[in-house]
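In what comes next, chain A is part of two complexes: it sits with chain B in the first one and with chain C in the second one.
So, the complex of A and B:
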């Protein structure tokens, strides 16, 4: 994935430490999706993915930071979102991305479902934390 | 303290109209409130109106599915009404099937469905 975070001039961010912060992050992403002209369905998919990844960051990663930016590539407009935590990381990425697999008592759909809902998905994880970056493009 | 979603009682139906972007604790509280109210009121039906919800993620989806099961055990049917088309499309792609959750297009149809379900239930009784 292109380094959209470094390329972008206006990145907004929300620190996530509570459930309420996940709502704030979701709203930040929705606002960007609207101003970037994403269709209603694309907005809904992006915000839903952001909700899943924001919750994972809080529940499994102990909280972190959500950064987001509008991105442009040629004629395309889209939204880039990054979820970064300093939690324990994901031990087995393949397993974590399997539908229905959860290390806790979730449904195990958040990570795999979020990946399906967006156009670009980057997962970077290790013992010092997890960073997920996603992009949803408009039509 | 987080806000709670109001649960209204109209006849023998409990009506929940979700008007705000819910944080997870509100979702859990709602599930508990609904179970308690079904028992306290003897309600036979529950309608959850989600027409104002811009997204339904796995957390809210799970609450809807769990609530449908719990209310059934407690003798009430739950109907989820007003799901936006974009939300339905997203839910399917997310992989959430909402098994066991009855849905209707809008409040009016939801109430109609409840009435029919109750009629067929009292026929059998």
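So, the complex of A and C:
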């Protein structure tokens, strides 16, 4: 996946430490999606994915930072979002991405579902934290 | 020792002109508050505060406002800040109440070098005390905000009776565990109170349905079912439907409808059918 974060000039950022912050991050992503001209369905999918990943970050990574930016590639426009925490990392990525598998008491669809909701999905995890980057294109 | 001498001098000066100083103090503060508090009230408040300060200062001028000697001053100040915060005064206005005493004493004390030294020591104490009022002010505001948030939680989750035997829960905003708890409790209680057999949870006003929201919805529906009610989720917009499918959430055998009207129509038909069979049973 291209490093959209480094390319972009206007990255907005929200620190996530509480449930209220997840809502804030979601609103930031929604605003960006709207201004990038994403259709209502794409907007909703992206915002829902952001909600899942933001909450994952809060629950499993003890909070972190959400950065987002509008991206352009040729004729298409999209939104790039990064979720970075300094939590313990994901032990078994394959297992974490399995539908229905949960380490907490959720539905076990957050991570795998978020992956299905977006066009590009990049997961980077280690003992020093986890970073997830997603991109949703307009069409 | 110099500080003992200073303490004695300050205490004497403060005690000697007690009435004059408190009146001036109350007046100065009254002016900055522009008549929002009566002068009688201010005089009483500052009279008490003044006496407490003089008493505490008598123990030693170099003391800190957080020390034991100032316990009474602090409790008076805390009470003052709380009432100011509730009445909608700004932190500045609250802190000025304490700082105004400096203004009163300045011309009296700074005449001599010795007096200036005393004034500076006393001013430092007052600064400390004014910080305390700001702290308390903020604390009170925070308490007010959190209690309002709680009230909002109650307000934003109404359970309404739509028809005989049909109750509706129009959800608006985000659905977290705290709100789900409130919604569930209210819904179940209303089901009992109104003797209803049908419940419709409308999510038209919920902008994002993620796994957490879905899980909360499912719990609510299961709980309502355990009470013997039939529960429908309505207000599933096209984009929400597509997102739920992509996420992989399954609502199982829980009926869902696009609009509240559809859900109500279905519920009414059902209620009508039941009533009919009841009548037949009686005959």
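Points to keep in mind about this one:
Keep in mind that, in the parts below, the second predicted complex is superposed on the first by the 139 of 139 C-alpha atoms of A that agree within 3 Å, B and C clash if a C-alpha of one lies under 4 Å from a C-alpha of the other, contacts with A are read in each partner's own complex, and residues count from 1 in each chain.
Following the convention adopted for this analysis, contacts are C-beta pairs under 8 Å (C-beta built on N, C-alpha and C of every residue); 3 or more make two chains touch, one makes a residue touch a chain.
None of these values were measured; they are calculated from a predicted model.
After superposition onto chain A, the partners chain B and chain C occupy overlapping space and clash. In the superposition on chain A, A:48 contacts both chain B and chain C.
Once the two complexes are laid over each other on the shared chain, residue contacts for A:135 go to neither chain B nor chain C.
In the superposed model, A:68 lies in contact with neither chain B nor chain C.
Using the contact criterion defined above for the overlaid structures, shared-chain residue A:14 touches neither chain B nor chain C, since it reaches no partner. Judged by the touch definition given at the top, the superposed model places A:116 against both chain B and chain C. Chain B runs into chain C after superposition on chain A, and of the options 40-48, 130-138 or 184-192 the stretch responsible is 184-192. 19, 23, 26, 30, 40-41, 43-45, 47-48, 51-52, 55, 99, 106-107, 109-110, 112-114, 116-117 are the residues of chain A that lie in the contact sets of both chain B and chain C, per the superposition on chain A.
Taken together, the chain B residues at the contact with chain A in this complex read 2, 21-25, 54-59, 62, 84-87, 89-90, 93-96.
For chain A in complex with chain C, the residues that touch the partner chain are 19, 23, 26, 30, 40-41, 43-45, 47-48, 51-52, 55, 99, 106-107, 109-110, 112-114, 116-117. Residues of chain C touching chain A in their complex: 174, 176, 207-212, 214-215, 238-240, 242-243, 246-249.
On chain A, the positions that touch chain B within their shared complex are 19-20, 22-23, 26-27, 30, 40-41, 43-45, 47-48, 51-52, 55, 99, 106-107, 109-110, 112-114, 116-117.
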